Amino acid sequence: MPNRLKAAWQKGTATINGWQAIPSGFSAEVYARSGFDSITIDFQHGVQDYHSCLACLQGMMPSGVVPLVRVPWNEPGIVGKVLDAGAYGVICPMINSAEEAQALVQYAKYPPMGTRSNGPVRAALYAEPGAYQQTANEEILVLPMIETRKALDNLAAILDVPGIDAIYVGPSDLSFSLGKPPRMDVEDKEVLAIYESILKQTSARSIAAGIHCNAPSYARRMIEMGFRLVTVAPDVGTLLNATKAAVSAVRAA
Amino acid sequence: MPNRLKAAWQKGTATINGWQAIPSGFSAEVYARSGFDSITIDFQHGVQDYHSCLACLQGMMPSGVVPLVRVPWNEPGIVGKVLDAGAYGVICPMINSAEEAQALVQYAKYPPMGTRSNGPVRAALYAEPGAYQQTANEEILVLPMIETRKALDNLAAILDVPGIDAIYVGPSDLSFSLGKPPRMDVEDKEVLAIYESILKQTSARSIAAGIHCNAPSYARRMIEMGFRLVTVAPDVGTLLNATKAAVSAVRAA
Amino acid sequence: MPNRLKAAWQKGTATINGWQAIPSGFSAEVYARSGFDSITIDFQHGVQDYHSCLACLQGMMPSGVVPLVRVPWNEPGIVGKVLDAGAYGVICPMINSAEEAQALVQYAKYPPMGTRSNGPVRAALYAEPGAYQQTANEEILVLPMIETRKALDNLAAILDVPGIDAIYVGPSDLSFSLGKPPRMDVEDKEVLAIYESILKQTSARSIAAGIHCNAPSYARRMIEMGFRLVTVAPDVGTLLNATKAAVSAVRAA
Amino acid sequence: MPNRLKAAWQKGTATINGWQAIPSGFSAEVYARSGFDSITIDFQHGVQDYHSCLACLQGMMPSGVVPLVRVPWNEPGIVGKVLDAGAYGVICPMINSAEEAQALVQYAKYPPMGTRSNGPVRAALYAEPGAYQQTANEEILVLPMIETRKALDNLAAILDVPGIDAIYVGPSDLSFSLGKPPRMDVEDKEVLAIYESILKQTSARSIAAGIHCNAPSYARRMIEMGFRLVTVAPDVGTLLNATKAAVSAVRAA
Amino acid sequence: MPNRLKAAWQKGTATINGWQAIPSGFSAEVYARSGFDSITIDFQHGVQDYHSCLACLQGMMPSGVVPLVRVPWNEPGIVGKVLDAGAYGVICPMINSAEEAQALVQYAKYPPMGTRSNGPVRAALYAEPGAYQQTANEEILVLPMIETRKALDNLAAILDVPGIDAIYVGPSDLSFSLGKPPRMDVEDKEVLAIYESILKQTSARSIAAGIHCNAPSYARRMIEMGFRLVTVAPDVGTLLNATKAAVSAVRAA
Amino acid sequence: MPNRLKAAWQKGTATINGWQAIPSGFSAEVYARSGFDSITIDFQHGVQDYHSCLACLQGMMPSGVVPLVRVPWNEPGIVGKVLDAGAYGVICPMINSAEEAQALVQYAKYPPMGTRSNGPVRAALYAEPGAYQQTANEEILVLPMIETRKALDNLAAILDVPGIDAIYVGPSDLSFSLGKPPRMDVEDKEVLAIYESILKQTSARSIAAGIHCNAPSYARRMIEMGFRLVTVAPDVGTLLNATKAAVSAVRAA
């Protein structure tokens, strides 16, 4: 099964990504019916562990949405496990140097590109028998997060690491690292200029850039600016905001 | 801890109820911050079992929201278990006769009112040591669902059963039973007339009436009509609708 | 999604059913790749509860296999819950009279045929939006188990209950009830004569008959005899036998 | 594996029973090392469901302690499931008549004594291959709880039901039913006289009597009075009391 | 919500800490009623993983006890995850050098003190909306364990690392590392002298010292010696000892 | 309890190992009845996490089979946790140098051999009270996986690390690393020559060699070649193959 995100990006089409923190395969099953191109299970800040992640992957499967996982950290054990569980890509937090980016690629790619160990216990179910290992290096996406000043300083070197398909901007950690309050949907001019600079460097290398957003309108602006993957409507915040609004609407009476 | 729903109803104040189908204690913790007076864990049609129900009760506790459970059926084992787990009330589907209503009251009340067995393993944590059994019969709500033609035929007898604090109207099953399509937020004149009739009979006995709603505006109308408990913003539908809307808003670009 | 079992039976084609006792959604995912027409999650004797059953239903979904559930008993709460979870049919143990068969049909069918409550929280995901309730009575199979002497005595009356799509023979309980040792793949002449008699009565009413088997060769014989659903290769026994054989083969050296 | 409780009672030896409410197989593993003859998993008031009950049975197995389960109610589905999971006996709450006692025996015994369905998926692991069904009716204990005034009124008839191995007195529900406060380790003269009367009737029929106790000293008195099974040191209360005492001892400084 | 441990230590008051190994949110709920100032979920040697840890945090919340977690190792992924789950402090095993202590502080503190990533998915529920990130660096405690000879050699350097609020002595590992049998509540003179030396160095820097104890009397001595956090009554050992004692008391009869 | 694998190897006897990927304690209980000498819970590529691993260890315990765990990676946190949970040995993937082998030994051995932290919360249940820590270094097996070209290059140095009891060959990763397709039961002459070379080096040091196999006949050949631990009949593949064969056998009719 070819990775539809990759195909979209190659055509220059932007894709819309969901963000799942609720550790329930049933919740994933519902959420995956929302029209997203991909959904990322947030194994870092989300309330997810390996088994809930696997249940979410199972819940999403019939919808055809592309499943991604944000791993808790750049550690080989967990990168291997989420890929074996069926993730079509890993988003990895806090990649700040070419060395860290190289390690991530190593963990996520089979030989000869990397050192990922062979045993796609569940991932193989997404492919014809025997085919998974032949296409995985091509189809599995590696997305380091760019979210610190140090990562910006090393951006060119990070992007030059072979095997990086896209980068993913974490706005709140990036602002935090720059000494600003940790916010989403940033309007700070300095930060917006940084986004422009990132986009220039990624597009020069045909690498897609993604960004974590909140409001649909902001996500649209980011697409217009050049991002090819935008996250909107994370499950927890969306549920809470919509529910609060409904309760308030009744109370108003 | 006195049951705030009961107090509100005695003052004639309407209360707003949430509806949790997602089997996650964390999701409950978030959902309980939405401003509801009570939340009902849907152990009938929701994706809940006893342990997820208990996790949701734990998740809701710090918010102070009143926890209710809709049990899967009028069966003594599960009525006892959800009360021992800490529910402040049970909503029971498909109560169609005084006998069924009486059985439900028996299962939910300690002697001498009923035959509930003593052992509030978790429920006792809501009260001062030793106090739970003395106040449970007073504070625990029993809400039979009125949702069939047969229940309408037997309504007076059901309402005359001692120990019924409120009834809860299930609009889609009621419509189904009447030979109409199963719908929420019904505009059908015959059904609305039935609601009026129910409210006349419940208010004559100082019994509160509740109803399952969807749109906040419809819930407001039901409050104006006389209902004292309205359910809005069920977790699954609310999440799905809000997420779909956000994705569409980005796609529209 | 039309129920492929029903279609096959109407054409007189026999179907092959798996039997899942291991409470793991991942195990279900693997098992569902074996070529079965349907798989029954054994919620009676299997190590299953509601949540493991739901996980198995999710695991099976992408394979397209028809999911059935054997419920623990003829109790309305659990029949409703497994159908809401997505089962395309219920096998119910120990149906011994027309009254019990009628009760089962009531629990499993929406009005006006029955009294199933409306709320297909997960089951609706198998259908186009809004379509589930319109087709469920047609597509959901009701299979009482015929497995006692009393059921044989009442067989005609049971089969005459409207809404019975098929019956399912439990050979070991049937033998037990007849005073014989509880066995699968029975060769006892009296029992085989009973099977013939059952098949005569079911085929006269265009009701399919199913039977629990063990060995593939016996299952073939049952198909030739006239059964339209045969269970083979239950997960626990199959795993244990195959593993024992492999270990013995190595030890033999 | 013969049931050691039964053997002890036949010799007139009293046995000591634990009581597990914490739903953790690991906790069961620890608790089972305490020297009990048997441990009852409390599936009624304890925080247990089917899967936690099974995990506790697994945890207890290596210790050799006899595993009992108190079921939530006298319902055939769950009685069958806990026996299939490996329980060596069921304690059933609120048995108030000979009819209810007979139903319980039916659910718990294989033909010809009862109607238990054959399929001891995990229970068979306690026996030699093929042996379980031949000895289960003999080894599996059926213990109705005597805990209401109505049960006392019907005691002789209940005890005359074939298949009752022992009864189990629930002191707090019994007191509740008699209009007294629900207490353990009762000193009320009327209640103690009732215990004497129960013991007279059970010993006349060679039926063992068990009772739920709290303090070891009270349990000893009950053994002296004639009870053959005493429960002490329930996990939740024992943990909480011991921990409170330790904290107080440090604070005292 | 200010961290009450920190406040107590600043006033020189000793605090009493519980230790939870049983992976059950319900068990946590009970245990948290024992009067402890704080409870540490033992994610290293306890039978805990991320989801049971989260369930325990939820279970403890209403009691107001301060929740700490001992992480399995000094790894950034898991330190971040337990803090996001709501821990008010991390105890980290085997910190043997200033470099390791610095890494731990980095993982646990937001910029500019550290590199913790922003996303307190559950932790934010302990604070007013938006307030968590502003107070976390102040309120979250970092407690390296001092439990090897190497750590003693590097103690001054470890204590000089900015951001260390307290240290926690692991007596059995410390004894092990010194070539002595691994014991709690040590009476060995050499070890007691080491404690004195540790206390001298910590108090010189206004850093609190904690120690793992067993007997309340020993814990009191440690408080008198100068420790400001003492662990007593760990759940597993306390349950087992109290239960064994009760069983023995009955057997003695 | 002495480790029977170690005893067998010292006598030159080969042992047969199972491989569990299905995360179910019940499945483990069944699988452990197959006649294996040991079973390895595959925490790397299997669908296992810490809690399922612990449930599998509990499920296996009564069978007496020796429990091993393949950890996800050479990380100290998880090595300690699986040993504390009761594993009698760790198989660690991708050990490519003496430094990595030394680190693994450090994580798995108590002082003075290593730096494992003391707290065998569940593991102690396998030994007499107080005895575990005295025998663990002797009885717990450390098995680095040899599965890359780099590991072959460093084999002598790896084998010379004190504390290595055996090595475990991963054929598919080894082939992958050598530029060949990742296969089990390899017939490639170059690879078979490598096996011979490995066996020569291990036997020279009285270190046992193990290998991952599939077919019993191949496992027998490996035993004849000199391997002392062969894995056969992994649960997932065995279940799927046996089930497919049964379904095909019925279809063939």
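Per-chain residue numbering starts at 1, and chain names A, B, C, D, E and F are given in the order in which the chains are listed.
Note that a residue touches a chain if its C-beta (ideal position, glycine included) is under 8 Å from a C-beta of that chain, and two chains touch if they have at least 3 such contacts.
All figures in this text were calculated on a predicted structure; none of them were measured in a lab.
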Neighbouring chains shared between chain E and chain F, ordered by label: A, D
Approximate Å spacing (C-alpha centroids) for the pair chain C, chain F: 39
Chain C and chain E: spacing of chain centres that average the CA atoms, whole Å: 53
Chain centre separation (chain C, chain D; CA means) in Å: 34
Chain C: positions in contact with at least two other chains: 23, 26, 30, 33, 47, 49, 51, 54, 75, 78, 122, 236
Pairs of chains found to touch, sorted by chain label: A-B, A-C, A-E, A-F, B-C, B-D, B-E, C-D, C-F, D-E, D-F, E-F
Contacting residues of chain C [partner chain D, same complex]: 21, 23, 42, 44-47, 49, 51-52, 71-73, 75, 78, 93-94, 147-148, 170, 172-173, 176-177, 179, 181-182, 236
Parts of chain A lying in touch with chain B, wherever the complex brings them together: 16, 18, 22-24, 26-27, 30-31, 33-36, 47, 216-217, 219-220, 223-224, 230, 232-233, 235-236, 238-244, 246-251, 253
In the complex with chain D, residue positions of chain F that touch it: 25-26, 29-30, 33, 54-55, 58-59, 61-62, 122, 125
In the complex, chain A residues that touch chain F: 49-51, 54, 75-78, 80-81, 84-85, 110-112, 115, 117-122, 133
